[in-house]
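The following block contains the structure, expressed as C-alpha cells.
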Amino acid sequence: MIDVIAAVWQSATPLVLAALAGALAQRAGIWHLGLGGLMSIGAMLSVVLAKETGNIPIALIGACFAATVVSALMWFVIVKLSANPIIVGIGVNALGLGGTILGIVAIYGAEGTVKSDVGIPRVFDAVPGPVGQLSLIAVATPFLAVLVWWFVCRTRIGLQITATGDFPFAARSAGISTSRMRLYALLLGGVLCGLSGAELSLGTLQSFSPGMEAGRGLIAFAAVILGAAHPLGSVAAAVFFGAVNYFGIWAQLNWRGVVPTEFMLMLPYIVTIIAVVITARVRGASKSFNLVEMRDG
Amino acid sequence: MADNAITCTGVTVRFGDFVALDDVSVAFERGRIHALVGQNGAGKTTLARAIAGLEAVSEGSISSNGEIIPNGDVIASRERGIEMVHQSFALPPSMTVAEALEYGSTVKGGRSFTRRGLNARWQKYLDASRVSVRAGEKLRNLPVETMQSIEIARALAGDARILILDEPTAVLPPESVGRLFEQIRRLKAAGVTVIIVLHKVREVLEIAETVTVLRRGKLILETVEASGVSVADFTEAIIGGSDAAAAGVAPGTSPVASDDLAAIGLDLGTHAATEFVDTATGESLVRLVGVTSASSSGGPGLHGVDLELFGGQIVGVAGVEGNGQVALAETIAGLSEVRDGQVELIGESATRLDPLRRRGLGLRIIPFDRNTEGLSRSSPLWQNWAIPLLVGARRRRGYVRTGVLRKEAESAFQEWDVRFTSVNQNASELSGGNAQKVILARELDADARVIIAAQPTRGLDLGAVEFVWRALRRARDSGAAVLLISSDLDELMEICDRIIVVYAGGIALDTARPFHIAEIGSAMTGVSA
Amino acid sequence: AIGILAGTAACSSSSSGDTSSTGSAAAEDGSIIFIHDQAAGDGSVTDSTIAGVEDAADQLGYTSQAVYVADPANYESTLRNAADSGATVIVTEFFRITDATNLVAADYPDIKFVHLYADPEEPAISNLLTVSYDSYQVLFLSGVMAATYSDTGKIGMVMGDTQPMIAADFNAYAAGAASVDPSIEVIPGVVGNYDDAAKAQEVANQLYASGVDVIQTDAGGADSGTVAAAMQEPGRFLIASTLSVFDTAPDQTLAVGGLEFGPSAVESIMAVLEPDFEGGHNATGIGEALKLTVADPAPGGADATRFQAAVDAVDAASAGVIDGTTEVPFVTEMP
Amino acid sequence: MNPYVAVALRRLAPIVLALVLFAVLLQLIGYQGIEVLQDIFKGSVGTPNALVQTLRWTIPLVIIGLGAVVSFRSGFFNVGGLGQFYLGAIGATSVATAMPDGPPAVVVTLAVLAGIALGAVWSIVPGILRIVFGADEVITTIMANFVAQYLLLYLLAGPMMDRSSDTAQGAASAPIADDLRISTSNGLSPVTLGVTVAVIVIIWLLLARTSFGVLSGIAGRNGVMLRWQGVKVGRIGLVAFGLSGGLAGLAGALEIMGPSGKLVTGLSPQVGNNAMLVALVAGLAVFGSVAAALFFGALTAASLFLPVAAQLPASAIVVLNGFIAMLVTAQLRLPHWATRRRRPTPGAAEPDPVEQVPLEPKVLS
C-alpha cells in the first residue's frame, strides 16, 4: 500500500506543483493555460544544467529562473498589453515545446534525449521500492503546498491576490495594484512550474526528452478548476489525477483484453471531464471564479 | 485653508476626449457633512474617485489639510485618512467578512494570521461598530444592507478622517437611510469629515450642512450652506434652467417648474394625488393564486402569494430589498420555477408558459439592473432595441433585413427622445437616463398589456425620472397593468394607484389611495404582519 | 549525366573507403535529403538512418540534410519542396510516407528515391528503391532471450502505442517467448506516445513491481523512462532498442535488438546512384540489417548461467529464423 | 486612413512583431534571421507550388476558423477544433471505405454529411456539459481533443485498419477509392474551393443576416439580458456548439476525401489551434477570418519550405506559432510617454486590462 501511495505521489508531484502555480494565477484573475510550457522549460533546463555543471542547486535555480522569466513575459503581454490569457497560455505551451527542442538543437547540435548523471537527491534512498525513489522535491512538495496555502489564505498579501482575481475594482479601490499582484502570482507560479518541470525530468528520470510534458500542464490546469482555485483543493485534485494515471496503467496491465488499451489511455482525460462536470454541478457554475468579471464601478 | 479637509484646485479629468470634470476648484471644510449632487453623469463619482486616488487627475491638484496628495495614488490618499464607500460595493464576493475587512486593511501588523484569530479580531470590531454579522460569513450570502454596513465599517477600520460615500442611500430602504444618517452624524461628532453623494433633494436637506453641485463636469454651486438654499434654487442648479430640455424631459412637457418639482417628490412628505385619475378598467390581467416559487438566483422566493393586477392601474411594490421582489417579477415573467399555485396572464393559464410566450401575450419587463438585465452594453443600440423582433415574440424569424431594423430603431429612439449619435453605437456609450429610454422604447410598445417595471428610476436624475413616470402613466392610461417595483417610497406614493408591500415572500399589505405612510412602513418592517 | 558521375563516385568510395576525391565532390554538388516522420534524437532508427545518410554523403562528397515532418498531411509538399530544391537523392522512412513518396517519385524521374521500411511497389517505379525489414523477427529473438532469462515467468514490453508495426513487434516478442516457455506471461504496457519518458517510467515500474523481470523497450523517445525504471532496483533487466543503452545501463541490459538502418541506408543510396538502376526492392531480415546484439560480457547484475542459457537460446532461434525452419508470426493487431 | 486598412494594420501588427522576435531569436542561436524571413515569403507566395500550398491550407483553416467564430461570438470558448476535425475525418472515412463502389456523388455527399454529424456530436457533448451542468468548455473541449486522438489510434489500429495488404504496418485506414476523391493530393479542386466559398457565404449570411446571428452575438456579450427577453440562451449555445463542431467535422471530411485520401494517426495536429488563432486575429469577423486564414495558410506553407530551404528544425515553426499566439490578442499601442499628457504616480490607479476585456457576464438559464 505504501508503495502505491509513493508511486501515486511520485506521479502526482509535477501536477501538484503546476496546479499550485495555476491556482495562484487563477486567484489573481488569470487563467493560466501555459503551465505546460513553463514545465517544459523547467524540465529541459534543469537537465541541461545538471549535465553541464553537475550541480543540482544550480540546475534547479536555473530551471525556476527561466520559467519565471517566461512568466514575467506572460504577465507583460496579458496585463500590460491586454492580451487574452487563454491564447497567451496556448502560445506559451507552443514556446515551451518548440523552444526546448530548438534549445537542445542549439546546444547539442541535434535534437534528442539529454541525460544527466546527477539527479535530485533521493530522501529515503535506503528504502527499497517507490518510497526510495521519492526525490527531495517530491518530499518537499506537501510542505510547499501548505506554504502556498498559508500564503494565499492566511496572509494579507494572499488575500490581496485573491481580491485581485475576485473583484479587481475592489482591490484597486483599496490601493492594491492589481497588476503587481498578478505579477507576484505569476512569478511565484513560474518558480513552482520550474520545480515541477525539474521534478518531471531530473526527479527520478534524470533525463529530458522533448515533448515529455505531454499535456500535464493542461491536466494541472483542470485540477485548478476542479479545486476552485483553492490551493489545497487544487492539490487534492492534482493528486486525484495522479491516482487516475496510476490506475490507468494498473488497469492496462491487469485488465488486458477486457478494455482496449486505447480506452485506458483516454482514461485520465475522460475522468477529468467527468470531474469537471461533477464539481460544476455540485458547486454551481457561478461560484467558481469567472472568466471575465465585469462590474461597473 | 488649513481648515479644509480637502481642497481641489482646477481639477480636470478626461477619459480620452471626453471631459468628465472640467476645471473644478472646490474646498470641503473639516469636520462637516458635505453633499455632492448633480445629474447622472455630472461627474460626482469621478470627483469622489479623484479625491480617493482611484482616478488620476489630468490637470490640477487635490490637497488634504494643505498638503498636495500624490496624483492617482490610493495608498497616498488612504494614508491621509481618506476612505471611500463605493456606489456599488467593493467587496470581493468569494471572501468572508473578516477577509474582506483584512485584505485592504492599513492597520499595522497582522500580515499573517490564523482563521480564528482573524475572525475574532474583526468580530470584535464589527460588534463595536454595531454591525450584526458573523465575521466568518461569506459575503456573497449577505443582503445589500449588511454589505453596505460592512463597506462603511471597512472604510472606518483604519484611521479615517475623511469619509466619502457615493450614493449610499440608493440601495437602502427608508428606515435604513435613517440609521445611516444617524451614523453619519455620530461620525461628524467624532470629528470625521463626510462627503456624501446624493440624488434626493429631501435627503440632502436632511443630512448635509453644505451642498456642492456639479453639472456636466463643471462646478455650479460651491459648498454653499444647505440651510441657505431654497429647493427651487437648488433644483435649478442641478438641472440648469436653459438646459432643462437637454436633461431628458420629453418634448411637449414644460420646463421644470415648481409643479413638476412637486411631481417629482421634492415636497417633503406630503403625498397629494397630484395627477391621480382613476382609469382602472377592472379587467384582470394578472392573477397569482397561492403561488410558491423560488428566485432563479437562489434569493428569497414567494410563499403562497395571491395577487391580482387590473388594467389601467399602476400597482406599486414596496418592501425592503430581498423580501421577494425579484421572485415576484421573475414569477410573472416566467423566469423562475413555480413550485405551487397558478399564474394567469391576460385570461390564460400561464403557470407553465415560457417567458417568450408570455411576452407574446403582451407582457413587458423593465428589469432591475439596466446594465446587465436590461441592455447589452457592448452591443449596438439597434440590436438592443430589436431583440423582441428577432426572437419572434412580436413578429419575424429567420432572415433579417438589418437595414430596416436599424431604421425602425432610429425612429423609435427619436420618438422616445433618446439622445444618441448612431444606432450602431454601443449601449455603454449612453448615459443612464438615455439607456433607460432605450429600454422603454423597446418595452412600451402598443401591444404592451402587462408591464413589470423594476427599479426603473434607480440612479436617474430628476428629468429622467419624470420622463419614466410619464411613460408609465401613459401605459396605464392606455389600459395596461403596471407593476412598479421600487425601493423609493416617495416614488410609489406619487404615481401608484395601489401599493402592495412584500414581506418575507408574502404580501403583507394591499392598499389603495389614500396611502398612509405609517401603515406601509410597519408592513415593510413586519410589524403589522 | 548525374547518374554516371554519381556512379563513379559510388564506385570509388566503395573501393577505397573515404578517399573519394574532394575534386569530384566540388564538381558535382549533389545532395541527399532525408525526410523522416519520427523525431530524431532518441538514439533509435531515425538517428541511425541520419548517420547512414551523412556517411553516404561524406563518401560521395555530397551535402546531406534531415527534415522532420510531424504532420502526415505535409509529407507530400515537403517532398516536393525537397525535390524542387534540387536534391540528388531523397530518402524516406516508414509506411506512413509511402503514398507521398510514390507520387513525388513518379513526378521527378530524374531524382532518385530510397524508401526504407516499405513494401515493394508493383509495378516498380524506375527511380525508387524500396527496402523492407522484417524487424519483428528481431523481437522474436528478444522474446526468446527474455523468456529464457526470466526467473519469474513474467516478461513485459513498454511500447509507444498500439499501431500495427508496434503490435507486430509485440506479437513476435510474445511468440518468441512462448516458443521457449508456453506458460510464460507476456505483458504489454502502452505509454500512449513516444515522448513521455516519465509515464514510460511509471509503466515500467508497475510492470517490474508486478513481477516482470525483463522488459523490451519499444517507445522511441520515451524509452529512457523504461531504462531509468530498470536501474532503480536490482533484479530488473532490459532488452533495449539502441546500442547506447549498453553504456547507460550496463548492469541491466541483456541485449539490444532493433533496426540499424545506417549501413543499409548507405548501401541503398549507392545502389540508386548506379547508372543502370531501374527501380526495385530489397527485403532484409535477420542476419542482414537486423540482429539482436547480446551483452558481452554479461551485464553486471545478471545471473551468469541463465544469461548464458539465454544467449545460447538466441543463437539457436536465430539460426532457425534464418534458415526458415522457424516461422515468425506477423500479426499487426494487439491480442 | 481607411478604417478597414487601420483595422487590418492593427491586427497585423502583433504578427509582424512575432515575426521580428522570431528572426531575432533565430539570429541569436546561430541561424540567419533575415534569410529565414525571406524564405517564409518565398515558401508561401514565392512560387506556384507555394501558392497552391497556401490555398490548400487556407481551406481547413477558414472552415474550422469560421466554426470558432460562431462559437466564440456566442460566448463559448470551444477550443476542441482538432478533436472535431478528427471525428469528421473518421465519419467521412467510415462511409467512404464502407461503400467504395457506390455512386460517387451519393457516397461523397453521405461521407461529408457523416463527417459534419460526427464533428457536431463531438462538440455538442461538451456543449451540453457546459449549458446543462456548467462544466467549463475550455477544459472539456481540450480533454476531448486528447480523447479523439486515442480514439483515432484505437480505430486505425483496430476496426478501421487497412487490411488490404498482408504486410501493411502503418496505422492507417484503407485508401479512399479514386472515384470518391474530391481533389488530388494538392487539395485544390472546384469541389473543395466551392464548398469553402459556400461555407464563407453561408456563415456570413447566418451571422449578419439572421436572428440567430444577431442573438448569438448578444448572447456572447450578455446572456443575462437575453434571458430576461425570453430567449433560450442555452439553445443558442447548443446550436453554436453544433455548428462549430459541424464545420470542423466538414473540414476533416474534406481533408480525407480530398488531399489526404486516407485516414492516418497524428493527422494535422496544429490545425485546431491555428484555426482558433485565425478567428481571433480576425476579431471574430467572417471576411476577416478569410484573410487571416490566407495568412496562416501562407505561414503553414512556409513552414514546410523552411526545413528544406533554411535547414531550420520543424520545432522552429512551433516557436513561431507560439510567438504569434502570445502576441496575437495583445493591444499594441504607443508607449505611455507618447500619449499621456500627465503621468499618474505609478501604482494604484492604473486601469485594469483584464477587467476591460469587452465581454459581459456569461450567465445561462
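Read from first to last, the chains carry the letters A, B, C and D; within each, the first residue is number 1.
As a convention for this text, contacts are C-beta pairs under 8 Å (C-beta built on N, C-alpha and C of every residue); 3 or more make two chains touch, one makes a residue touch a chain.
If you're wondering where the values come from, they're calculated on a predicted model, not measured in any experiment.
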Item checked: Best-connected chain pair, where connection means C-beta pairs in contact -> A-D
Notebook entry, point to check: What chain lies farthest away from chain B once each centre is taken as the mean of the Cα atoms?
Noted result: C
Item checked: Inter-chain centre distance, chain B versus chain D - centres from mean C-alpha coordinates, in Å -> 45
Checklist line | Separation of mean Cα positions, chain D and chain C [Å, integer] | finding: 36
Notebook entry, point to check: What is the distance in Å between the mean C-alpha positions of chain B and chain C?
Noted result: 76
Note to self: Give the residues of chain A touching no fewer than two other chains, as numbers and ranges.
What the structure shows: 111, 169, 172, 175-176, 210, 262, 265, 295
Notebook entry, point to check: For chain D, what residues touch not just one other chain but two or more?
Noted result: 150, 153-154, 157-158, 313, 347-349, 359-361
Next item on the list: Enumerate the residues of chain C that touch no fewer than two other chains.
Entry: 68, 162, 192, 334
Item checked: Every chain pair in contact, whichever chains are involved -> A-B, A-C, A-D, B-D, C-D
Notebook entry, point to check: How about chain B: which of its residues touch chain D in the complex?
Noted result: 53-59, 70-76, 296, 333-335, 354-359, 365, 367, 372-379, 383-384, 386-388, 390-393, 396-402
Item checked: Residue numbers on chain D that touch chain A, as the complex places them -> 29-30, 77, 79, 126, 129, 133-136, 138-140, 142-144, 146-147, 150-151, 153-154, 157-158, 273, 276-277, 280, 313, 315-332, 347-350, 352-357, 359-364
Margin query: Considering only the defined contacts, which chain A positions touch chain C in the complex?
Written below: 3, 7, 10-11, 14, 104, 110-113, 115, 128-130, 132-133, 200-201, 204-207, 209-212, 214, 245-246, 249-250, 252-254, 256-257, 261-262, 264-265
Margin query: List the residues on chain A that touch chain B in their complex, please.
Written below: 150, 154-157, 159-160, 162-163, 166-167, 169-176, 287, 289, 295-297
Checklist line | Sites on chain D touched by chain C in the complex | finding: 43, 47, 49, 53, 56, 150, 153-154, 156-158, 161, 165-172, 175, 185-186, 255, 259-262, 264-270, 301, 304-305, 307-309, 311, 313-314
